[in-house]
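What follows is a pair of complexes built around chain A, which joins chain B in one and chain C in the other.
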Partner chain A sequence: MTAPLLSIEDLRVGFSTRHGLVEALRGISLGLHVGETLGIVGESGSGKSVTALAVMRLLDRAGRISAGRISFRGQDITHAPRHVLQPLRGAAMSMIFQNPRAALNPIRTVGLQIADVLRAHEPLSAREARDRAGVLLEAVRIRDPLARLDAYPHELSGGMCQRVMIAMAIACEPALLIADEPTTGLDATTQKTVMDLLSETTARRGMAMVLITHDLGLAAQYCGRIAVMQQGLVVEEAPPHKLFGAPRHAYTRRLVAASPTRQSTIASLLPEASAAPPAAPAVPRGGRLLEVRGLVKRFAGTTAVDDVSFHLDAGESLGLVGESGSGKSTLSRLVCRLLDQTAGSIRFDGTDIGAVPARGFHRNPHRRDIQLVFQDHGGSLNPRFTAFQSIADPLKLLAGLGEGEALQRRVGECAERVGLPAELLGRFPHQLSGGQQARVGIARAIAARPRLLVLDEPTAALDVSVQAVILALLDRLRREEGLSFLFVSHDLNLVRMMCQRIIVLQAGKVVEEGKSDALFAAPRAAYTAELLAAIPHFAPEPSVPGTAG
Partner chain B sequence: MRAFHGIARRLGQRLLASLPALFGVVVFTFLLMRVLPGDPAAFFASGPNAGPEEVEALRREMGLDQPIPVQLLHYLGDVARGNLGRSLSTGQPVVDDLRRRMPASLELTFCALALALSLALPLGILAALRPNSLTDHAVRLLCTLGVCMPTFVSGLLLIYTFYTLLGWAPDPSGRIDVFVSQPPEVTGFLLVDALLAGDAEAWLAAASQLVLPAATMALFVLAPLARMTRASMLAVLTSDFIRTADALGLSRRQVVLVYALRNALLPVITIMGIVFSTMLGANVLVEKVFSWPGVASYALDALLASDYAPVQGFVLLMAMIFVMVNLAIDVLYGVADPRVNVG
Partner chain C sequence: MSATLRHAGWVLRGNPVTLAAGLGATLMVLLAVFGPALVPYDPVASNVPVALRPPSAAHWFGTDQLGRDVFSRVLVATRLDLLIAASAVTLSFAAGAPIGAFCGYVGGRLDRWVGRLVELLMAFPLFVLAMAMVAAFGNRVENIVIATALINLPFYIRFARAEVNIRRNVGWVEAARASGNSHAQVVLRFLLPNVLPAMAVQISLNLGWAILNVAGLSFLGLGVRPPTPEWGILVAEGARFITAGRWWLVTFPGLALMLAVLCFNLLGDGLRDILDPRLRT
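Coming up: the complex of A and B.
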């Protein structure tokens, strides 16, 4: 075997923080050969991004490599100075990042940005660099590449920005490409096209790729080997089929279980907790809770929601699926009466709440019946409110409870319902973990005893293991409290597990509606089939990278 | 083309939107001047022993015997016709006085702003590249000194050092040495006029008069500009696209000057507009210390003499300049940031 392209030996990285030195990497060793694809999988804080940044030597000021060795093509770059690294970066090893729009210079055209990279490594004239940039844009399959050269990042979609980023990263034909969560925040179908493009490009050019992701399915589908990281250590490293077929480490087992597959159910995501099965649907179904007819919402020239009708029964859970721009968030805001519709009616429990202007709906008795759980749990909590105050807020405003024992008791009850330890009630949002923030958000939503809960991507920002817990919690709450859910998500798989019925939205229109299982087994609309195909998934049998899906 | 249209449309909107504010300024200053103590008629009566009849006659002549709303209407009518009244102290129409003195103030302010920017930007960048280093602390000290020292103190200190002690600077009396012949007036800006006339001697004389007052003003506004540059550079340097530029092997020079600085300048442009307007108003002390024949000292003299018209004219002029500066900043911002014209 030849010498590896990249080898990391016993790497330790520490960050100096206000609370002293924090070790982000505690001695990891990894190797990568020419043309190989390695997936690094782990949850937030596991050190996977730090590993990538350490290899590129892009750690910020506070981070420091305290021990170990990184060598690239046999050259020790652990402590190499900038003048050694600069010719390597971009030309021999490149990196693409999460959040492609932020990763591009907002006030420079993409053509110039690609040209900048080319000219940093090759003696090209501006004209030649521009021509090459055009060729690159074509290579990453951007339509009308020559016109796009003069576009600014804000004029492109997120997926397009990521393609531009890929074009920049491969511009000088590097031997190694590190992709740090390249598709987080992109739609499922966009994710698939971007990942296919990445894997084809690297395969065609014989580049090695490190794919860093929190999504096991994605890593399994596109990588030849996967390293699982936990708390700064590599706990297991194996080819995907081995990792999923016979995970050795307990953490890997938990992670594999928590990653939703086409077969998984809420209960199977949490094998350890399944000892106590959730209560059977005790609440009797009955009656229309929500009836939406011909709902239309136009914003300055564009139609976000276009003649949508659906209904929701008491105790039922309805999924609303679509990609960004499909109008699903607008629709959920209309139902919550945070926006006024252009046309159409919304009947809640027999009353036409669509006739109440959104501006005055907070005084409507139905306000407490419809509550929201947001995607960004941290951001949707008032940073100056403790968990207690956040949960107490709707009780004071909507249930008319004053400061006192009743309020204390109800907040305590809600916290208990969502599994939030009572001692955390005095904490501020920034002192809580992502999962705990989610629990506060859910407790706040159920505090005023609503009948309909609108959940807008409630787990999109959470790690898979936390997601599994939160999903189970929501499912149990719905059954026990007899809540109805309007579950908004771009992830068909989650919706399948959480909802009995699904509505698929595209460009503001309903393209398909049906029972979850039926829709999943045999989608009628082409768009639904496309969404289904885009779900990254791993099969228990060995899969060939790039061909699955 | 699209960008140009956007800018033109925004300019029009902003100009229209500024009209009510300008009107408010006119009315407010008018009323303010009327409630201030002091009787211009008594002040301008021919002598301290002028009789009450004489003062009364003068008052009638000036229209001060009319009720205030009527006076206001007259005044608004005059302003609309471009007549700002006549200064009682100089005997000239206020418009002429302002027009003659404005270039002096503008020249001083422009030079001071250019000087301040040429110092503040490099200092801010240096400080941001090495936060909490010796350089950073030195810049912070300089900024603090500039801000905490009133301009008349720093101006006097500069005069004492460079004129009295070292003798490098010419005496602080006006815009140009009295023994140098003034270049023929074209724009009113002495530096420009001297250049146009090809008169090197006059240009040097004017420039050397300008250095100390401009430095005084520049020192005063160095702090906001340098601190803003530093803060904005610090924020930009930690942003994702700088990391991308580093990850793809761009040179340090290009990363700092093209990627970071151009983005960091956006908030500095905003601050620049505020600083410029502040400078025009705050000029008065510098103009006094350096006997600079600008509009601010003119307005101050008029105010002390209860001479309404020049003060009102001055305030209106400042308000208009403020609007214009904001417009210019808006255009500049639109050019610098392609995202502005969207939506």
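Coming up: the complex of A and C.
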């Protein structure tokens, strides 16, 4: 065996904060050979990004490598000075960041930005650098690459920006590419094309890649080896089929179970949770709760929602699937009466609430019946409200509770329903974890005892294990409180688990509607089939039936 | 509350300049409240035999042309100067912040019209406006307060407008509406409190400017009139004697003025850190 390209030995990294030194990495060892792909999987705060930044030596001022060794091509770079690192960065090892839009300079064209990377390491004229940049854009399959050279980042979609980032990262043919959550925030189909591109490019150029992700399914599909990290330690390292087939560590087992596959059910995501029998619905099923007809919403020039009709029965859960720009968020805001429609009707429990203008809907008796759970839970909580105040707000305004014991009791009750410890009620949003913020958001939504809950990508911003818990919580709440769900998501697989019926939305139009199982088994619309194919999937057993015969 | 105090303590420990500015500002306020009770001499009683004496043990800052104690006059002036500046700033904040917040939230035609009006106001020099108001409504302190408030108004409108504008589409604004808040409640209960930390910086900086403005106006003889002790007047009166080498008449009120402006300016940044709960962990 040759010497590894990158080797990390017993690396420890600490951050000095106002509460003293916090150890982000507590002694991790990893190795990577030329041409290999290593996945690092873990939840936020597990130290995966810190590992990447430590390797690139890009830790911010508060972070320090306190022990251990990082060597690259046999050279110890643990404490190498800047003049040693500078030629390595970009040329020998490069990095792709999570948010491509934020990582690109907004006031420089992408062609110039790629040229900058090239010219930092090679003596090229502006002309030559531009030509090379064009070739690179072609390599990352951007259509009409020469015209795109002069585009600014805001003129490109998120997926295109990530391709530009990849072009920059591979510009100088580095031996090592570190991709830190390269597809988080991208649509499922875009995620697939970006990941396919990444793995092809690295394979063709013989590059080694470290893929950092919270999505175990994604890592399994694209990596030869996966390291699972938890609280600054690597708890398990194995090839994907072994990891899925026989996870050794308890945390890996939980993570594997929580990663949704096509066969998963809400219950199977949380095997350790006591299999409580679902309570009988408090409200008998049946009866039209929501009836949407010919709904249209136009914003200056563009039609976001185009003649959409659907219905929802009491106690039912309806999935609304589509990618960004499909109009699903606009549609959910219309149903919630936060936005006025251009045309069409929305009937709730027999009354035409679509006729009530959104600006006056806060006084409508149906305001408390329709509540919303947001994608970005942290961002949906007023930074100056404590958890208690956030949950109490709808109770004061919609349920008519004044400051006092009744309010205290109901807020406590809601917190208990969503599993939020009572002692966290006094905290501000930034003092809560992502999962806790989600619970506050859900508690607020159910506080005034609504009948319809519109869930706008409620788990898109959460780690998989937290996602499993929140999904189970929502499912239980729906049964116990007799709620109806309008579950909006880009993830078809999640919607399948949560909903009985699914509507697929593309460019503001309904392209398919049907029972979840039927739609999954035999999609009628081509777009639905495309969405299905984009779900990251990994078969626990390496099944390659084609080669056997 | 104790969490706020703990947090304030932490901010101040890491930021000695803010601590010094805070102490200075506190001292100013204390002097404004208790100054008149502490002074050794009557600030307006003349005592011609000891006129124009340099600083001594009996008269720390010396005496003026009528033999009045400069130390007493500078100290007593603190109350009037701070009071005028604070009322002007309070007035422009109370009016400007809601106007700006609504413009930023509603946008559209209201925003455009208010924007043009603000630009008009910003092009108007304070001293000309103050002179016009004094000419029209009489040389009274109230008019000076209103003129200063009016001149500072655009800063608050613009500031609140910009801060609210970037937040109008955030999740918690939508959540607030789903919770049954009207548009007006969203602005007043949610958006304004959230822009307060950033505005605190503006208020503190503005207080410094306002003190300077008030002194400038009374230097010109607008608003406060002699023999009332006021820093601008003290400087104006002392200026006549500077060529004769009576430096103490101008220096001490000038220093007091400078110190006050400096304290409030430096306080601004520290104040923002204390008021922002996101910096608390």
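Points to keep in mind about this one:
By definition in this document, the second predicted complex is superposed on the first by the 535 of 549 C-alpha atoms of A that agree within 3 Å, B and C clash if a C-alpha of one lies under 4 Å from a C-alpha of the other, contacts with A are read in each partner's own complex, and residues count from 1 in each chain.
By definition in this document, a contact is a pair of C-beta atoms (placed from the backbone, for glycine too) under 8 Å apart; a residue touches a chain by one contact, two chains touch by 3 or more.
Just so it is clear, the model here is predicted, and its values are computed rather than measured.
Contact with neither chain B nor chain C is seen for A:G206 once the two complexes are overlaid on the shared chain. Once the two complexes are laid over each other on the shared chain, residue contacts for A:G294 go to neither chain B nor chain C. When the two complexes are overlaid on their common chain A, residue A:P421 makes contact with neither chain B nor chain C.
When both complexes are overlaid on chain A, the residue A:N105 reaches chain B alone and has no touch with chain C.
With both structures placed on the common chain, the touch criterion links A:R444 to chain C but leaves chain B unconnected.
In the superposition on chain A, none of the residues of chain A is touched both by chain B in one structure and by chain C in the other. Against chain B, in their complex, chain A makes its touches with residues 56, 58, 60, 82, 85-91, 94-95, 97, 99, 102-108, 116-117, 120-121, 152, 154-155, 165, 168-169, 171-172.
Chain B makes touch with chain A in their complex at residues 238-241, 243-252, 254, 258-259, 262-263, 266, 336-339, 342.
Remark: chain C residues 10, 170-172, 174-183, 190, 193-194, 277-278, 280-281 touch chain A in the complex.
Every residue of chain A that touches chain C in the complex is listed here, in rising order: 17-19, 333, 336, 338, 359, 362-363, 367-368, 370-372, 374-376, 379-384, 393-394, 397-398, 428, 430-431, 441, 444-445, 448.
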